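Listed after this line are the structures, all set down as structure tokens.
In the two complexes below, subunit A is the common chain; its partner is subunit B in one and subunit C in the other.
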Partner chain A sequence: MRALRAGAPQLLAFLAVLLADRLVAPQFLAVHWQDGRLFGSLVDVFNRGAPVALLSLGMVLVVATGGIDLSVGAVMAIAGAVAASLADSQPLPLVLAAALATGLVCGLWNGLLVAVLRIQPIVATLILMVAGRGIAQLITEGRIITFASADLAFLGGGALLGVPMPVVLVFGMLLVTLALVRGTALGLMIEATGGNARASALAGIDTRAVTLAVYAWSGFCAALAGVVAAADILGADANNAGLWLELDAILAVVVAGSSLLGGRFSLWLAVLGAVLIQAMNTGILLSGLPPELNLVVKAVVVLAVLLLQSPRLAGLSLLLRSPR
Partner chain B sequence: MRESVSITALLVGAMLAWGGAVQAASLTVGFSQIGSESGWRAAETTVTKAEAKKRGITVKIADAQQKQENQIKAIRSFVAQGVDGILLAPVVATGWDAVLKEARDAKIPVILLDRDIDPSGKDLYLTAVTSDSVEEGRVAGNWLAKTVGEKPCNVVELQGTVGASVATNRKKGFDAAIAPHANLKLVRSQTGDFTRAKGKEVMESFIKAEGGHSICAVYAHNDDMMVGAIQAMKEAGLKPGREILTVSIDAVPDIFKAIAAGEANATVELTPDMAGPAFDALKAYKEKGTVPPKWIQTESKLYTAADDPLKVYERKKGLGY
Partner chain C sequence: MTGIVRRDAGAVRLDGMPIAPRSAEESARAGIATVYQEVGLLPNLTVAQNLFLGREPTRFGLVRGRAMRQRASERLAEFGLSIEVGAPLGSFPVAVQHLVAIARAVDLSARVLILDEPTASLDTHEVTVLFGVMRRLAERGIGIVFVTHFLEQVYAITDRITVLRNGRLVTERETAQFPRLDLVRTMLGRDLAEEEARAETGPRVRRTAGPPVLRAEKLGKAGYLQPVDLSVAGGEVVGLAGLLGSGRTETARLLFGAERPDQGRILLDGKPVRIAGPRDALKHRLGYCPEERKTDGIVADLTVRENIVLALQARQGPFRPLGQAAQDRIARNFIAKLDIRPPDPERPIGLLSGGNQQKALLARWLATEPRLLILDEPTRGIDVGAHAEIIRLIRSLCEAGLALLVISSELEEIVTYSDRVIVMRDRAQVAELADGAIDVTAILRAIAAEAPRTASACQPEPA
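Up next is the complex of A and B:
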């Protein structure tokens, strides 16, 4: 119940965006059953929002430690390239293991730079953001690698009990992450590290291990997102997979009310933030507005959502009384 | 100034023609390529090598990694090596005057490939071999108009990246071609950023917004977006190629697989063979002194299921797309 109250502005914003979508596209909320799966714009919102939702599950923990991970888009491209190049010759478990292990290694690399070598997170992850896409292009030799494996394709286009697989994966990962960080003291340690790393270390928290772990998890989540994205288009497009999605993931985390300075986080609100961004994107596509307006509309909506959360704007009187 | 230039050019041409007649024509050509920005560019490099080999030309390729300064360096080194001609695929339109003057002073003709440069430098190069992206859109539009005939048809369009000149031109050409046909109606147009993933997402939204069965044709500014759109249509239980006509541009190998499977109808080729016509122009200029026109336009060829798509796929797939 407390979680619900904390997320009230986000929920309200999400409902408002859905309402706006319903206004521009009358069929928006219609969901029907087709070919053994749910079908409709609302389903698309969750389905298309899945990669960013997966990214935000890792990103939110990194941000909670006061860090940031700019490399997630590039890690998506690498993992997608690994998965697509193995898909037709290896069984699915091996393909998945290889792709996810690649992501984990990328995450550990970031964690090493940040936690052990003490490089500022934005710089440390910038290295992989730039180099990672090059690595992905090396794997694909600059072309789009396509595959025919039905097993891997199922992760992107399949459905479980009518629910698209990407949505199932997001839900599963949300539960796993919740169990890991809220089922144990890990979440508290992450928040403590973000709040005051030195005090936490003095209090006996291994902040180095905590930092290493959140970056590794972010890499893992990014790899899964990359596999989903590759499975969706039946190919790995190293030039474009995950391009700029790190910014969407950070936006999702911020929309979720997490502070970029670290110290607090909410997993389910981060996922909601990602879905909210996608609801907006889908709404723009459905509206029939000229494409030149896409980014403008997106900017206005994001601004509105952030204003809604602003403590200064909570009451106009407060705003008037404030010195600025 | 300009007159003296053309006179020198003619003189040089005549001299070289004479020289060429004496020692059997074996040209050395430098090629400053942009870098590996897309599969098409990789194919262009492969085809350039093949076309040079066919003509007995030695070609030296310098990869600029998307940087103009690297291209300028490459041109300078080609000039220093005293090559017979330089092919340049310019990464940007401006800033070429100084280095092209150096090449002109060294009497080495420069031919632009695929992209043009700023008009101020028009007298600094021999000719430009490029495709006409307005024409590509027009060919696509004309095919659609002819194929649909008189019956009413709702068309949806997947645009390229907003603001990219290729996207603007491909839209312009298509719009102009379907304008005289009142039965063709462009009902939706959105950007798919030239990528498969966005092409699929945008097509999904078109299907939801218009109702899949009221869409009669899809036009995409490149084949990659169309490949994504075809997946979206199939997942929505529609039959692309049969229920919904498709026409796109570029002619990358994967679209021929789709055409062969009956899931796509037509594509307009952006040929990766820009070097072939350039070599021919250079040879004619060197041997006979023939000054080519300032713009050599490559053919925007239409491919459909009638053109043996599997054979084209086999031919294209090794080019590095």
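Up next is the complex of A and C:
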């Protein structure tokens, strides 16, 4: 219940966006069953939003420690390239393991720079953001690698009990992440580290290990997002896979109410934030408005959510309501 | 004086002319140069560039590097400093950086030089060098205001002493006619005769203390703390007394591993242990409530419950989480025991009053069932009621067999609960008082006592 109340602004914004989408496209909320799976614009919102939702599951933890991970888009490209280049020659478990391990290594690299060498997160992850695309291009040898493996393609286009696989994966990762951070004391330690790193270290928390862990997890989530994106298009495009998605992920986390200074975080709100952003994208596409407008509308909605959360504004509205 | 804070009363006169600087720049132009504790120079530029920043010698609009370096060498030579002026400032020790900052300040205007705690991070030799420079400057007719809390240094270098306390001018006297004991007394704001009268009333009964839980032997760190010897037994309260900046917090941080010592060793139950960080200290069941509650203690966003279980959870590691119910039980237990208000474990701790935050921090460490607890200024900045409660708590903890090391500036407080008192001055241990010898007067005398000549950091150089 408390989680629901804390997420009220985001839920309201999501419903408002869905309503707006319904107004511009009367078919928007229609969901129908076809070929053993769900279809419809609403399903599509969740499906298309999956990569950013996966990214935001890692990003929200990084942001909670007061950091930021700009490299997730590039890590998507690397993991996608790894998966695509192995897909036709290796069994799926090996392909997945290779791609995810690559992401984990990328995340550990970021964590090493931030936690051990104490480089500012924005700079440390900028390195991999730039270098990562180069690495991905080296893997694909500058071409777009396509594959025919049905196993891998299933992760992008298949469905489980009628639910598209990307959505299943997001839900699964949400549960796994929840178990990892809320089922253990890691969540508390992450929030403490982000809230006050000095005090946390003096209380005996291994802030360095906590920081390393969140970047590693962010790399892992990004790799999975990269695999999903590659499976979706049956190929790896080192130049465009995950391009600018780090910004959408950061946006999703901010919409989820996390402070970029670190502290409290909510995993399910981060996923909701990602879906909210996708709902706007889809809505604008359906409305026939020029897609350029997308970015402006996105900014307005984000501003609205942030204003709803602003403590200043809450104080102001109280002031306006109080009798003079 | 520097105009960084605008005054709203009084006047400043320079050579009899009233001045009213509105910024540091204006006061520098008028002739008041200031060097702060944190050197305000650019460590990435060279020494010469720092010296001439904003007034580089130029020809046709280009900086004349060689001329600048040569002039820089000459200037610094006047300060007895011969260093490579083309090297980045950051590559030199802090003492040299200070001298460069002073050279720049003096060069810019220099009628009056304000040095704000210039010796805080210098070792004894470096202080000697600095004092040499200060004397030469004074001979050149420059007035120097030397802001410090090091008593020895005050007597070594100054002609006149101004004592400020709690934002008020207490007194101003010639150094030669201002005995140490008087100075300490005015700094602490107490009347010694009164203290002596009061001391009669409160003799202490010494409990028999067992073997020491913790012993520190020659624990120290160069430029941070001179070697300290101390021991604390179970059921014993050891007080650490001294003026602000005398090395009390430094001792606590070295003991707890928050700062790495470079000499000496720590023994727990007679066995030497390695404490490389707070996590090691926690494993050995030590606890430390730091002085700076806001920056080093609480995590303001988290709830009282989360703040209380933090250290215990940290010791258990992330993969043995305390369940919600267990956390709640621990939090409610301590909230009741320590009377934390409001008694709501789910309230963010940042919304509590200082005294209640302090109690919650105590609870954080008590929850780990420590053997030794270090309390750094546990009663600072909290109201009178909470103050008394915390002192009561210290007593009851001690009766329960806990070893306590308590740092406080409130001498009366220290006297009431300590079995032994270690007195610190100028980052060194100067005395240890035990049993009947503990009273405010004795502590004051120990703080004010003349340092033995050999150990003195800052005797005048032979001229």
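By definition in this document, the second predicted complex is superposed on the first by the 313 of 324 C-alpha atoms of A that agree within 3 Å, B and C clash if a C-alpha of one lies under 4 Å from a C-alpha of the other, contacts with A are read in each partner's own complex, and residues count from 1 in each chain.
Everything below uses one rule, namely that contacts are C-beta pairs under 8 Å (C-beta built on N, C-alpha and C of every residue); 3 or more make two chains touch, one makes a residue touch a chain.
A quick note: this is a predicted structure, and the numbers were derived from the prediction, not measured.
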| item | value |
| --- | --- |
| Subunit C versus subunit B on the shared subunit A, clash or fit after superposition | fit |
| Cα-centre angle that subunit B and subunit C span when viewed from subunit A, reported as a multiple of 10 degrees | 120 |
| Partner chain(s) touched by A:R264 [first = subunit B, second = subunit C, both, neither] | second |
| Contacts of A:L188 with subunit B and subunit C, given as first, second, both or neither | second |
| Chain touching more of subunit A, residue-wise (subunit B, subunit C) | B |
| First, second, both or neither for A:G142, with subunit B first and subunit C second | first |
| Partner chain in contact with A:A203 - subunit B first, subunit C second, else both or neither | second |
| Nearest-approach distance, in Å, of subunit C Cα atoms to those of subunit B in the combined model | 27 |
| Those residues of subunit A which subunit B touches in one complex and subunit C touches in the other | none |
| In the complex with subunit A, residue positions of subunit C that touch it | 256, 258, 277-279, 281-282, 288, 290, 295-302, 306, 309-311, 313-322, 364 |
| In the complex with subunit A, residue positions of subunit B that touch it | 36-39, 42, 159, 162, 188-191, 193, 195-197, 200-202, 204-206, 208-209, 224, 227-228, 231, 235-237, 254, 320-321 |
| List of subunit A residues in touch with subunit C within their complex | 183-186, 188-189, 191-192, 195-196, 198-206, 210, 263-264 |
| Interface residues, subunit A side, partner subunit B - complex | 25, 27, 34-35, 39-41, 44, 48, 137, 141-144, 146, 157, 229, 232-235, 237, 239-241, 282, 285-286, 288, 290-292, 294 |
